[in-house]
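Both complexes below contain chain A, partnered by chain B and then by chain C.
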Partner chain A sequence: MVAGLLLGGFYAAVSLGVSVIFGLLDIANIAQPAFLLLGAYAAYLMNTSFALDPILTGILFTPLFYLLGAVVYRVYYESFERRGEESLRGLVFFFGLLFIIEVSLSLKFGVDYRLVQAGYIGKSIDLGGVGIAFRLLVPCLVGIGMTVALYLFLGRTFYGRAIMAVSQDRLALRLMGADPVHIKTIAFGVGIAAASLAGALLVTIAPVVPSTDRDYIGRMFATTVLGGMGSIPGTLAAGVILGMVESLMSTFFGPSWSLAVSFGILLIVLAVRPAGLFGR
Partner chain B sequence: MIQAWARPMTWVLVTLVTVTLALAGTGVFPARAADPIKIGFGMALTGGLSANGKPALLAVQIWKDDINKKGGLLGRPVELVFYDDQTNPATVPQIYTKLLEVDKVDLIISGYGTNLIAPLLPIAMERKLTLMGMFGLANNEKYQYPNYFQIQPAGPEPQISTAIGFFELAAKQNPKPQTVAIVGADAEYPQNALVGARELIKKFGFKTVYDKTYPPSTTDYTPIVRAIKATNPEIVFIASYPPDSVGMLRAAQEVGLEPKIMGGGMVGLMFTTFMTSLGSLLNGIVNYDFWAPEPAFLAMPGIKEFLKEYQARADKAGVDPLGYYLPPYSYALMQVLGQAVEATKGLDQQKIADYIRKTEFATIVGRVKFGKNGEWATGRTLMVQYQKISGNSIDQFRGPGKKVVLYPDEFKSGDLIYPYAAAKK
Partner chain C sequence: MARAVLAGVLVIAGGILLAYLRVNPYLYFAGYVILQYVVIATAWNILGGYAGYVNFGTPAFFALGAYTAVFLIQWVRAPLPVLIVGGGLVSALLGLGIGYLTLRLRGVFFSIATLALAVVLQTMIINWEYVGGSRGMSVIRPPGPPFGSYVTFLFTVMLSLAVVAVMVARFIERSWIGRGLAALRDNEEAAECMGVPTLRLKLFATTVSGFLLGVAGAPFPYYVTFVEPNSAFALDYAVNALAMPMIGGTTSWIGPVIGAVLLGTAQQLATVTISSELNLFIVGVVLVAFVVLAPEGLLGLVRRLRGR
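== the complex of A and B ==
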């Protein structure tokens, strides 16, 4: 149970960016896992070069990834969305971006597995007879923190509310005098920054190679859909459900079944509630 | 005055040129001495196996440079023609068709890994080519193609080769441990290794208390390790790929799993990046390997020169800086092929295969003789124990003492520290 909760917090962190970009903006950014890996490699680079804590690096680098996300969205907007060609061609654009980032990482860092060092990796704390690994506890806490921060940002700030508004009625937002493209640029930047920070959590938990992103495409989108498109608390709840199912299956019935059962639950939830757990 | 076209010498010249062109088209003329001998292959330069594919390529390139410095093969320079197979078996038929039909290579070798050799074997069989295989487990069990040769020293029984040393060592302990947990990824190599492990568990009379597999993309291994710990096994055999090897080891440390002997078939621990990152976490783990910088291996002729050259070029190539796992064998594979070409004085595929089958070769990994199904006549999968590792420095792994060879006896360089908990200290 505890292991599942810890894993769930991490899954939520990984999926928050998708929730914003795919759930709220309705942009099928297939390249999102590649930004996850970019964040992971940034953490690795700072860890090996300056012995900087990977999660601290992740936090420090969020403004940089926010800007990167804003630039990517502007390119996407000018090339596809503005011309109304965002559906299929936009998807191809993000596929291309995914491969370019993956190959660039291969060329820069090589294809060896990369790990980071931190004082808490490999240590655990005993809570009532259950050993909790710091390697999982710290990313889980950061994941929950990210969820709360994003929830407050979207619900309490002007730009956050504007993002929620643009996801519901773009035209109405324009009539209110706000520029939907500007708002979407901010939202996209936030989504990419969240992915980069989640990447730092990923490299803390497990070693990465440039092709690790492929393992997370399914999980990221499944968590977002299960939680309800664009729902931030839903993403956390879905992450915890998937994490707990995976963990309980691994412990009691055999790990081979864990992914199949997780995705089975996704199918059942979608059959009963097509909008997802917290979807409207 | 006689016109130029009417002169007899002009006609002779025209006839000579025409005949020459016609014969060249039919291939009647043998290749000129300066024509290179082309050796073609696909290699995992991107994708999941590229961490091994790229070092293997570097080793093959070093062999090419070495042989060309000595005047090439049959007095002709050697040229490598290779493409990235992206660790995708579906690319293999296209790559080798292009190599054979368009690039007109003279010889082929396989890319790295069992999954990439599998689609190549039928192509080699159809065209009756000699095929040197680079680290594939039991690829030729079904085909039994006589012109296939595997450089991985698994031996005549590849399926049990990974685990045999591990279980033999466990069975020799006093008192003999009784209970075993086996676990591995749902993928081809771990599944093969687990089949071998089950066979050996029966053979040595152990009792299985846990036998499960997990998806290769698992993120958190602590639930699996907890489930294993709950069965209280004395032996834990793990068949894993690199990311799960790290995941399982870290989880074992965090959960406090301490059987009497642990490891077996964990791929990845022999990579320098893992050895330096995991550091003392490796202490006590008993695992399979193929090469270790222990005295018996360092004494093999040519190995020191090869490693010196490899390590000098590794940084620029962005590959494993020490190159102790696959590269010496990749180089040895080319040595076998090169020696066979020189000995048969030509590029006749059948003659080369016949020669390889009956000859014992001197290589940088020692004497190599092929046997049943093209595997090594006598297996040489090592069982090593990581001992006395401290910190994360790469230099401690360059020499003997950290990866002590326990099995087989002829290469033994130290004793097993038993139980695992004692070696962890």
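== the complex of A and C ==
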């Protein structure tokens, strides 16, 4: 139960990028989990070569992933959005990207499980008879920190408000003198950077293999849709719900069922209430 | 129509002749995979290319066909034709189900839902011990196959299935059904307003597509003789099902066939000469290159060159 709660904070971190890119920009970036994995492998590489803390690496690498995201968006924009055929071919484009990144990772790192070392991994704290492992607590706290930071960014800063505006009315934004493509590039970069940082959290929690990304497609999109497409507090709430349901399922029915939870939730939410819990 | 049937019969006859010749056994082994992809790509294209609903859940339908076959083998040792029809029908039911899903989900949401479907189904199979669970299960081929080897026999079976699938796709494309699907692909609301029965057409497309994907999966247990969830639900099927029609061209029945033959052959060669990991990498790169640079596929390129 507690583990589920902590896992929830982490799931929220994982899904923030999708909330921005899919929820606000309306770009179905299926490749998002691949960037999560890229972030995880970046943290792994720095950890094994220079003994850097995985989460610190994650933060250090965010500018790089921001640029990567900006480049991906530009390619996407030039090839699809400008021609007005974004939805279906764009989806295929991102699916191909997901596949390329996954296969590249397995060519480079092989299909063995990779994990990181850090001082706090393996330790735990005792709170009223419940042991809380630091490897879960730290990612959860960072995840909540990311959620708060993104919430403040979107609500308080000029660029943040512009991103919210682009999701509502593109023409009005253009009339106000801001370039929607520029704003969307920033938002896409932020989304990818958030995914890479979440990847560093991922490798802290558990070892990764290149095919881990498939497990997270469902979790990311389930959390985003359940949270109401682009609502940041909704993403946190949905992440916690997903984490709890998953850990209950794996306690009572065994861990092999836990993966079906996110996709099951996704299917049910899509079929019953596509607007999600916090939807407009 | 009559000419198409004649052409189909000739292709099958050619395949049987090839099977009698008993050339290098690897030819049949690789040919089966390529023909299987012809069926998969054609089936995917009926929904994805004609109706414009992108299905990421191809592995779900394929594996459902394969596992229906495993179940039937386990239960009554059913013969191959029963396996194929059975696998097709069960997959068709799933197709009908996702057809009703299109009532509420369009575009991107539909695609994500199909992806979710594949994972949920895989989890169910993993937890179902009767068909092998996560460990998988070996299947014993029936004795005394024609042409001396079972793989050669399966090659002719898959060739016939591919011919049937392509003829079904061609028939759909040229009938009023194809025109209706094209109308709803371009603008679903407008099509509905013009009196196109969109729901019935979508249900038809998802069911036929599901049936053919199941049919492609049904002989799979006898081909590999060991079925386990990871190979039956491989993401490769989803990527290939998408990539092949995209490369060939999605608006015509010949597009997926061209794509499947080209990409399938290239993959077989790459698997032998380089490595299977790298060949998947190539598929991904080719897919992305085509959607970015040649969104109409090879057919579109040819058309553009002729136009000038």
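Quick note on the criterion: the second predicted complex is superposed on the first by the 252 of 280 C-alpha atoms of A that agree within 3 Å, B and C clash if a C-alpha of one lies under 4 Å from a C-alpha of the other, contacts with A are read in each partner's own complex, and residues count from 1 in each chain.
Here is the rule we go by: a contact is a pair of C-beta atoms (placed from the backbone, for glycine too) under 8 Å apart; a residue touches a chain by one contact, two chains touch by 3 or more.
No experiment lies behind these values; they were computed from the predicted model shown.
Undergrad: Looking at the overlay, does A:S106 come into contact with chain B only (first), chain C only (second), both, or neither?
TA: both
Undergrad: Per the contact definition in the header, classify A:K123: touching chain B only (first), chain C only (second), both, or neither.
TA: After superposition on chain A, A:K123 lies in contact with chain B alone.
Undergrad: Once the shared chain is lined up, is A:F93 touching chain B (first), chain C (second), both, or neither of them?
TA: So A:F93 only meets chain C here.
Undergrad: Does the superposition put A:F10 against chain B (first), chain C (second), both, or neither?
TA: first
Undergrad: Look at A:S79 in the shared chain and tell me whether it touches chain B only, chain C only, both, or neither; answer first, second, both or neither.
TA: After superposing on A, A:S79 lies in contact with chain C but is clear of chain B.
Undergrad: I'd like to know which partner A:P255 touches here: chain B for first, chain C for second, both or neither.
TA: Once the two structures are laid over each other on A, A:P255 reaches chain B alone.
Undergrad: Kindly classify A:A133 by the partners it touches after superposition: chain B alone (first), chain C alone (second), both, or neither?
TA: First partner only.
Undergrad: Quick one: is A:G264 in contact with chain B, with chain C, with both, or with neither? Answer first, second, both or neither.
TA: In the superposed model, A:G264 contacts chain C only, not chain B.
Undergrad: Please write out, lowest number first, the residues of chain A touched by both chain B and chain C across the two complexes.
TA: Residues 103, 106-107, 254, 256, 259, which sit in both footprints.
Undergrad: Which of the residues in chain B end up touching chain A in this complex?
TA: Listed in rising order, the residues are 45-48, 50-51, 53-54, 186, 212-215, 217-220, 222-224, 226-227, 242-243, 246-247, 250-251, 253-256, 268, 271, 273-274, 277-278, 281, 318-320, 392.
Undergrad: Would you mind writing out the residues of chain A in touch with chain C in their complex?
TA: Where chain A meets chain C, its residues are 28, 30, 75, 79, 85, 87-89, 91-93, 95-97, 99-100, 103-104, 106-107, 214, 217-218, 221-222, 254, 256-257, 259-260, 263-264, 266-267, 270-271, 274.
Undergrad: Mind listing the chain A positions that touch chain B in their complex?
TA: So the residues of chain A touching chain B come out as 3-4, 6-7, 10, 103, 106-107, 109-115, 117, 121-124, 131, 133, 135-136, 205-207, 209, 211-212, 215, 243, 246-248, 250-252, 254-256, 258-259.
Undergrad: If we count contacts the way the header does, which residues on chain C are in touch with chain A in the complex?
TA: 52, 54, 56, 101, 104-105, 107-109, 111-113, 115-117, 119-120, 123-124, 126-127, 134, 235, 238-239, 242-243, 246, 277-278, 280-281, 283-285, 287-288, 291-292, 295
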